[in-house]
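Each of the two complexes below includes subunit A, the first together with subunit B, the second together with subunit C.
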Partner chain A sequence: MKSAFRQSMAWLHTWVGLLLSWVLFFIFLTGTVGYFDDELDDWMTPETPSFTASVDESMPIVEQFFATKGAELKDYSVSFPVDRTQPFLTISYRDAYNKRQRVKLNPYTGEELTPRATAGGQTLYRMHYRLRYIPTKIAYYIVGVATMFMFLALITGVVIHKKIFKEFFTFRRSKKPTAWLDGHNLMSVMSLPFHFMITFTGFLLLLYTLMPLIMNVHYGEGKEGRDAFFKEYFSRTSVKAAGINEPSLGLEKLLERADKEMAGKPIAWISMSNLGDQNAIFEAGSIHNNLSDSRDKWVFDANNGELIKAQIGHESSKSFYYVLRSLHEGLFASTSLRWLYFLTGILGTGMIASGMVLWTVKRRAKAIKNDGGSFGYRFTEGLNLACLLGLPAGIAMYLTANRVLPVELSERALWEVNSLFITFSVFILVAVAKAIGKKADSAWVSLSFLTGFLYALVPLVNAVTTEHNLIFSLLKQNWLFVGVDAVCIIVAMACFILGNYLNKLFNVRIEEKGISTSADFKRGHAS
Partner chain B sequence: MIVIFSILIMFHALLFLLLSMPKYNKQVPDFPKKDKKLESSFRLVGYILLFTCIALLIIDNGVGVGIAWVCALLTFLGSFVSLMFAFNQTHIAASLIWLPKNIFGVISSSAAYFYLVGYTLLITIFTVYF
Partner chain C sequence: MRLVLDTHKVEVINRTLLAVIGGSAFSILLCLCVSLLLPIEKMHAVAWSTMLVFIVFPVVVMWSFNVSNLKKAVSFLSILVVFFAVANWLLLTTGEGL
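Up next is the complex of A and B:
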């Protein structure tokens, strides 16, 4: 009975894992890279340096900016460069035509910064849950289903792993077929708490899309209902102008009031609504430095400086939601913890990748006996190969495109993203065609080398097109540029080593078997 | 500082747990074989150090961030220990047993309690002075 249960769980784990592995690999890899979304944003706009300046340091520039705009500014917000998510002094305002404008300024000189149009790290991060080229809602459903199946794969994985504690540290690298299984188990078991946490919290982030019924019952269906719910739930302040003129306090006085109420917490942003009106509102918010304070803000009457509302912390249910969301996104994480998140995410991606390879390796011997295996086997191997090498290659191309696409190109950001998917598509076509044509082994080798080449290209193109080459960045201690270049070089080296290893492995096996047919055909069979 | 301290404690805790299992300790030439008492004392100290490390990280960072640190460190160090042990069992075991072996002459339960006492002292001194 026990054995039958375990066998059925193994079947479920294998097929659920395989069917969702392509989507999950995409979600995990883009999500892992997304832990450094702000840093990638900075890397992808090399002409604009990142700044750190306090509110006091930035205020002369803010006042200078408002002085040039005159009395036309009634609604505006200012984000100060006090956090990694905010590298510039950013001012958003409504112009005389009620159109939203946004300017990025050097907080010390007031110079307007015009970074190149780029999709940046944010797009890469958003792809992790919104996917691409499909409506957002459908993407949410796909990601939601994938997350549920990930949960299922994790639970069934624990059930089928008979000796989870005894084999906690097991990795038999010399035994080839079991090495893949050990590697898969190692990456799964070691990071099991992380995987459970990331899957559960990820699922909760899609709560309002996947389980909208309670919200719909109370607030009504459709966009209006959703907007009403979010406005109330996230305490969004929106007060209409009364149309009665009343002088507002100066920004300096309002900041003093905010400073006093915030009790030493650094101000990260301020916002003004209906300036000069009876209903003028001034808000100030702090930075995100722990798990649950994502939206701490203080709301004042801008005409007399009276505190209207201090939104500090949340009631338990909302606080619980924020804690889980922050755990998933790592918003609170210091640089060292962020790197650990990144490495753990890489292990999660590795777990999915090793599962895909394991599926292929287990069926290889049978496939070799049966003239290269069924069409289904070869097609799946091609897709696995395309996904494992195509997506990383696409990301390398995405970074390269940022440097080589002309700055004046219209829809430049879109073309950066397109370059990722064009590369990915080419990899899919080549890998699937070769796998179906029984040349999967040569595809593994050539595509590994090609991916390595694309990653090696990133620091080279960066050095040619910007002033931030690796040596200069090291000398200037610009760790962001050093980090991206170093990661690309490491990935390139790993791909070259993999390609070389696979090439030797496949050739040795061909020689051992002594097959005398054409080289590619031999590779396809002998592996 | 607490993080570095925690990394060291978790690394040693994982090594204690690893060496408490016959499946792994039989691969280390210097390690006494089939010594149930030694294995159980290594297991006990391994668990105590692991919980100490978790407590330290949670006290220092709060529950949520502390759990994030524990998950991430466990993944990273666990994989590191497993991979290193697969490549060179003697060296990775030596990073735990070299010091007590040189002090006591043999690998015995004293080695485990040596670390327990040592870390307790260090944590106490650290708490008092910093």
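Up next is the complex of A and C:
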């Protein structure tokens, strides 16, 4: 019975894995790239450098800005360029028509920065849970179901390989299907804790969307119940203006108060509501630089500077929730830890990709023998191939589009995203058409080379259209631009090597086709 | 990897149904019961028990593939589901734990 159990788990692992591997590959790759969302934002707006300036250094500019706006600013917030997520001095406020405005300033000169319209790294990162072109709620459910399958695939994967540590050190390079299997195991086990963490915490980020029932029983149905719970749980307080005028303390005084209360923690942002009213509120928050300090803030009465509430850390379920959430988002991570996040994310993507390849490889030998295999097999191979190469190629086009689309194009940001999905769609069409036409081999080779070419194009286009070519960036030690160029070149080279390898592999196979007892055949068939 | 025996396929489909339908009903009802009984602030009880759903559900899924007798498993899980449904109904109508 035990072995039958393991066999059924293996069956489950294979089919559950295959069914959602396309969505999961998308989620993992865009999410992994998303660990560098702010860096990509910078890269995609090359005309504006990113700044670092302390609160003291930026304050003259802030005051100068408010002086030019006059007294009509009642609600505003300022974020200072003290963190990677805040590369500019950003001021948002409600203007005279009660419309939200947002300006990005140079913290030293006060010059307003107007970078090109771009979807940026944020859009790429947001796609990993929001997907694209479909309603938000449906996207969340698809991602939620995919996450559950991922969780189950991880658990069943562990169950299948009871000798997990022995197999971890087994790498049979020369045998083709088993080499893929060993590679799949290697990538899975190497960062297994990360995979479990990222999958489980993924649930938490969509928690009350995926599982609203318990909340609804306690707090009422629908949006009202949700709002009531969120107001209580996430303490979303908003104070209404009393309508009675009362002078507020100066910004300088309030900052002094905040500095004192925050006990040496640097201020990252401040916000003011109802300035000049009896209910004027001043808030200050610190940088998010460890696991448990997300959303720490200090709330003051802006009229007398009294501390109303210091929200530091969380209690009970909230600390659990926020720590796990921070683990998923990695906002606290320093550059080196961020690279580790990125690399483990790539391993996760590789785990899914190798699983998809494994599915194909195991059925390939038999399919070739049976005149190309069933329609289902060919279609699936085409889709696997289209996803594995199409999405990375789309991301390369997304970066290229940022450089080549005309700046005055209306809806420019949208067209950047469209160019990603147009590339992806073309890959799907070509790959599926070729695979159904029994020419999957040539599709694998040509699309690998095409993807490599698209990645090689990114540093070239970047060098032509901006002043940040690789040599200049190296000389100026502009590591961000060096990093993007380097990653693109590495991916391009990997794609060329892959294309070359596959080309040789398939040519050999075609030559051997005449001799029906090729070694490759037997091995594939035996598995 | 492919299951050759058809009975195996049927077995897997039945177990999947048990896992998805029975598993979600059981885990939601169990966690709802937990949320009604936890002697802590209401919002934390809701949060903890909602998070618990995502641990209980995969465990039930694994259990439904592990259990040897499927018929016994179905009746066992049904009894539990009915038990927790009644318990929740009683707790909610008597207002206990709220």
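Rule of thumb we're sticking to: the second predicted complex is superposed on the first by the 500 of 527 C-alpha atoms of A that agree within 3 Å, B and C clash if a C-alpha of one lies under 4 Å from a C-alpha of the other, contacts with A are read in each partner's own complex, and residues count from 1 in each chain.
The criterion applied here is as follows: a residue touches a chain if its C-beta (ideal position, glycine included) is under 8 Å from a C-beta of that chain, and two chains touch if they have at least 3 such contacts.
All figures in this text were calculated on a predicted structure; none of them were measured in a lab.
Undergrad: Identify whether subunit B and subunit C fit side by side or clash on subunit A in the overlaid structures.
TA: fit
Undergrad: Using the touch definition from the top, say if A:C387 reaches subunit B (first), subunit C (second), both or neither.
TA: In the superposition, A:C387 contacts neither subunit B nor subunit C.
Undergrad: Between subunit B (first) and subunit C (second), which does A:L12 come into contact with in this model arrangement: first, second, both, or neither?
TA: A:L12: touches subunit C, not subunit B.
Undergrad: On the A-aligned overlay, A:V323 touches which partner chain: subunit B = first, subunit C = second, or both, or neither?
TA: first
Undergrad: Would you check which partner chain A:T344 touches, where first means subunit B only, second means subunit C only, and both and neither mean what they say?
TA: A:T344 sits against subunit B, while subunit C stays out of touch.
Undergrad: Mind working out whether A:H218 is in touch with subunit B, subunit C, both or neither, as first, second, both or neither?
TA: In the superposition, A:H218 touches subunit C alone.
Undergrad: Once both structures sit on chain A, report the angle subunit B, subunit A, subunit C from C-alpha centres, rounded to the nearest 10 degrees.
TA: Nearest-10 rounding gives 80 degrees.
Undergrad: If we overlay the two complexes on their shared chain A, which of subunit B and subunit C does A:A153 touch? Say first, second, both or neither.
TA: After superposition on chain A, A:A153 lies in contact with neither partner.
Undergrad: After superposing the two complexes on chain A, what is the shortest C-alpha distance between subunit B and subunit C, in Å?
TA: 18
Undergrad: Quick one: which bits of subunit A touch subunit C in the complex? Just the residue numbers, please.
TA: Against subunit C, the touching part of subunit A is residues 1, 4-5, 7-12, 14, 148, 151-152, 155-156, 159, 200, 203-204, 207-208, 211, 213-215, 217-219, 229, 232-233, 316-318, 320-321, 362.
Undergrad: Going by the contact rule at the top, pick out the subunit B residues touching subunit A in the complex.
TA: 3, 14, 17-18, 21, 23-24, 62, 64-65, 67-76, 78-79, 81-83, 85-87
Undergrad: For subunit C, which residues count as touching subunit A in their complex?
TA: 1-3, 8, 11-12, 15-16, 28, 31-32, 35, 40-51, 53-54, 57-58, 61-62, 65-66, 68, 92, 98
Undergrad: For the complex, give me every residue of subunit A touching subunit B.
TA: My answer: residues 166-173, 186-187, 189-191, 193-194, 197, 290-292, 323, 326-327, 330, 332-333, 336-337, 340-341, 343-344, 347.
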